[in-house]
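Just below sit the structures, each encoded as structure tokens.
Same chain, two partners: chain A is paired with chain B first, then with chain C.
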Partner chain A sequence: MSALSQKHLLGIKYIQKSDIELILQTASRFKEVLQRPIKKVPSLRDITIANLFFEDSTRTRISFELAEKRLSADTINFSASNSSVKKGETLLDTVRNILAMKVDMVVMRHSSSGAPVFLSQHIPASIVNAGDGTNEHPTQALLDAYSMTEKFGTLKGLRVLIVGDITHSRVAGSNIPLLQKMGAEVTVCGPPTLIPKHLPELGVRVETNLKKALQWCDVANVLRIQLERMDIKFVPTLREYSLFYGINRELLDSLNKQITIMHPGPINRGVELNSDVADSGQSLILQQVENGVAVRMAVMYLLAGRE
Partner chain B sequence: MNILIRLAKIIDTGSKHHNTVKDVFIQNGVIAKIGSNLKPTGKYTEVKLKGLQLSLGWVDMNSYFADPGFEHKETIESGCKAAAAGGFTHVCAMPNTMPIMHNKSMVEYMLSKAKDNIVNLLPVGAVTQKCEGKELAELYDMFHAGAVAFSDGGNPSLNAGLLERALDYIKAFDGILLVHPEDKSIAKHGVMHEGIFSTKLGLPAMPAFAETLAVARDLFVLDYTQSRLHFLDISLKKSLELIKNAKKKNGKLTVSVNAYNLLFTDEAVGSYNTQFKLNPPLRLSEDIAAMVKAIQEGTVDTITSQHQPHEEDCKKLEFDKADFGMIGLETSFAVANTALNNKVDTETLVKLFSTNARKILKLEENSINEGNRADLTLFSTDTKWTFTEKDIFSQSKNTPFIGKQFVGKPLGIVNNNQVFLSSELQ
Partner chain C sequence: MQPRAILTSQQFSLTIRRLCHLLIENHGDFKNSVIIGVQPRGILLSARIEKELRSITKLPNLQHGKLDITFYRDDFRQKGKPLEASETNIPFSIEGKKVILIDDVLYTGRTIRAALDAMLDFGRPENVELLVLIDRRLHRDLPIQATYVGKIIDSIAHERVKVEWEEEGLKDTVWIENV
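Then we have the complex of A and B:
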């Protein structure tokens, strides 16, 4: 198997286990490239990629851009803050206008869940979902999977805990189906106001006591509490959130095992993670960032039909 | 206009000819003769089709016409054509126009634009000024101008105190409120039913009890005021349980369900299909079963279209940005009949589409008997057909039903000394 079953990466929901395996294998080849003195390959020099960020992003945008440059693709960047979107243009019009300039692939972040699926029904270019609303962020889940595989050898049977605002998290939205497809066990932990009511029907365990949840897991993927997404306060105060759902050294040391800590970034230090955890040897956070470039290179390389 | 309807089965419990197959001759808008092998003299149109059925004209209690303000979506003329094609001789127009229909002159505008139309337009005045849920609109004045009922449409903004005042106030003229039950503090910005599919799609969702909670609250207010209230848009098993109990105590409480809720579950949203972005949203199969049972038991009084026309640009969007609603006048009977096929008899269907709404809205009493005004719908509960774009008479085409096979079809209406016939009868 050396080609993806899909033309787009719209979400983990839409790809198969064999696609995930192929992306992870390809990523490890690119990770090797990134260790070389010349960190660049000519694979996509005939490809033009548009990075369409309808929602603010720093690290994901930079990671994609760097991945594109390492593959020698031509890139254009678009961000909604200085664009026609403010003048009332529809998503479809914006994208069609950009595609008219002969763009082959679109990397898109958008605030509406399902926006990449909608776009894929109307445009010919390949689409990489760089985060849609509260739905999915598939490349984040892939780089998380890559980082966990690197550390543990396999995802099968691995106990993964996701902590925080599950309802509004596209990271959880992609991590959960990916981990399930790869045979890991998933538990989520957070205030009940931030856990979707129907998650157990999807085979996900819910635990509201953080210490119990941490004691269970091999890896804790800690999410950023996204206050900017909430028009209603789902927790009384950040102080209270950090008291009951924040992870600090003392808590980690009270467990009878060493667990691994991950975070998709950016971290609210002192809220969901204390510095003595984030910067410790138990943390995989910077490896995640590094692996992100290799994983995104793999995704775009494979979507461009290179084998 | 003279028309001879050959061999139609008359479904009208108020008619001497109920459940019999007869010829019906209509002369100058009046039922001149009902009998067998009629041979009228003079000029007339004759219609004939195997399996033809005839009832009093149908009434839709839940339609949004976008005129004035959004004439690019629907005008009163195009909306009335859609109603005629759907078998309706009467259609309630919700007040959510621009400006809002919240005073006498707006009611008069509606009525004057629909004057001389084959379809009787029934204005539903706003309960509160601008449908803002703050101050009562001039309900009495609108009633005198011809408003048949009052509603803030899909705007569930009435707090309990204002609902109490409105229900009390309309007792002076035995008016009725049409209420869309939805607690916005629960439904928030939800765009579909909360369940396993909304979770998988990562879409903001409406917990089902947003409807049930509003029903429960409104029933307490109704119990206190002892006024007349009609629930529109009921879509849940639990809501129907509450309503069934409440109806035992209050004979004036009535309720309708939308046809589309009988046919699809939330799974139909599929890959973010905005044609299924609806409010009430598509529910679960247990809710459909409960609605069917409530229809069989008589708890549900009417089936409505919730006709909401939108141009393509309002639907060809990201799911959360698309508008709610579908056009429904042309399809609501076919959708309901397909969903209820072999589960209810034709007499019950006629109650759901015609006679119950006539009583609720206190329309003129009528029956299919000689000498009465011809206000009739021709239909067939057996016709198998595929809905296509050419069956759309609305100015907007936002429907998920194109290409869908139905059982049962509205075939024409006779009303106001005019006739509309479907292609089968032409």
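Then we have the complex of A and C:
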């Protein structure tokens, strides 16, 4: 019998290759469920899930909520902006109070890296990390992997380029270990100020010339410039960033092959990605969003099934 | 106790042939009927039934689906039950159709209960029949019975019924053994 090796999904670095394979396999079953006339299964009807969003989110939050509803789980939603967090309640107190109302699983987004790991040491419920600070965003990496597998058949040997602000990106933080566990080759490209120094030690190639990097890859996962996480200037201006690291139609057409473009959203149109690329047939962006629901259903179903 | 064969290869093919003749008698050219195998083991039987039906008479309308019931189980989270789902593929509408659900062994009836729930998420069939190769009639937990039965056996709870198929590289045989 196959089950996940972990009780929580805190990050890709804590799970094994077999876990990733099981999640992707299960996600493909849920994707089929989502094509049915009745897009719902009763698996988690006895489970209550709390969505704790201490940081803003549209896509991820809706995706988790929809995934929970499609699994028939009961859900409660919490966002920090209209809660007692404003009155000074600590993270642990907030979560303990919610769990006292008999909640079985917690989906959490938090602006502090490591918040889900901290929580997992203090509470009995399963935790799904929906993004913590600049650390990890495991379900995003899983849905990216699912979308790439769907398109290319396998991740093994696939050349994946991650473009943009690597330092502040939890998407990169989860994508890099996942791709490496699954045998893909990873290169990152961006301004040197936004690339962590330790990456080559992890076996990740660094390339600062965007055209060379694009020429090398099969897939380019383009990240958003996260101005809200930059307390100092890492790039002189957005315009300059766009000039050196923005992807437009002209640049893609100058390559001697057709590559696939991905983006975790929200897109800064005209900065990291031009509309003539984002909305083209080469882009997987909306498929990523669609697959997100199936992947999150798989994660929550497998975590709930372990008990 | 050694495993004992309750259907040998020759009886096995006779039984399947008989079931197919019954189906043709009731469903004619299958214009308004579909067969659906229950994953994982029922699809081996449904595939064999399809093959056999087509060898008896031409059936250009015959449609065959696969249904996985993992997400509909009532014993989810009870130890030892698989979490891993198999493929569901029903590439046709079941709305208003006569559905023949197919599984290899009918035991507690819980799998069929789950299969009925799963199937109804695809539409509202005109009616549903159940075909099984083996009916362990003494162990039902739910009021469910099969329309077409290959063989009824009176087994006890700690016995296990195992169906082996040529498609798996074995001989067509139904075994009963102690566990």
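The rule is simple: the second predicted complex is superposed on the first by the 304 of 307 C-alpha atoms of A that agree within 3 Å, B and C clash if a C-alpha of one lies under 4 Å from a C-alpha of the other, contacts with A are read in each partner's own complex, and residues count from 1 in each chain.
As a working rule, contacts are C-beta pairs under 8 Å (C-beta built on N, C-alpha and C of every residue); 3 or more make two chains touch, one makes a residue touch a chain.
Owing to the predicted nature of the structure, the values given are computational and were not obtained by experimental measurement.
When the two structures are aligned on the shared chain, A:Ser43 is found in touch with chain C, with no touch to chain B.
Within the superposed three-chain model, A:Leu255 lies out of touch with both chain B and chain C [touch as defined at top].
Within the superposed three-chain model, A:His198 lies in touch with chain B and out of touch with chain C [touch as defined at top].
Contacts of A:Ile76 after superposition: neither chain B nor chain C is touched. By the touch criterion stated above, A:Leu286 is placed in contact with neither chain B nor chain C. When both complexes are overlaid on chain A, the residue A:Val33 reaches chain C alone and has no touch with chain B. In the superposition on chain A, A:Leu91 makes contact with chain B only, not with chain C. Residues 1-3, 22, 25-26, 29, 32-33, 36-38, 40-43, 301-302, 304-305, 307 of chain A are the ones that touch chain C when the two sit in their complex.
Against chain A, the residues of chain B that register as touching in their complex are 188-189, 194-196, 198-204, 207, 271-272, 313, 316-321. Taken in their complex, chain C has these residues touching chain A: 68, 70-73, 76-77, 80-89, 117-118, 121-123.
Looking at the complex, you find that chain A touches chain B at residues 13, 90-92, 110, 112-115, 117-118, 121-122, 132-136, 170, 173, 196-199, 201-202, 231-232.
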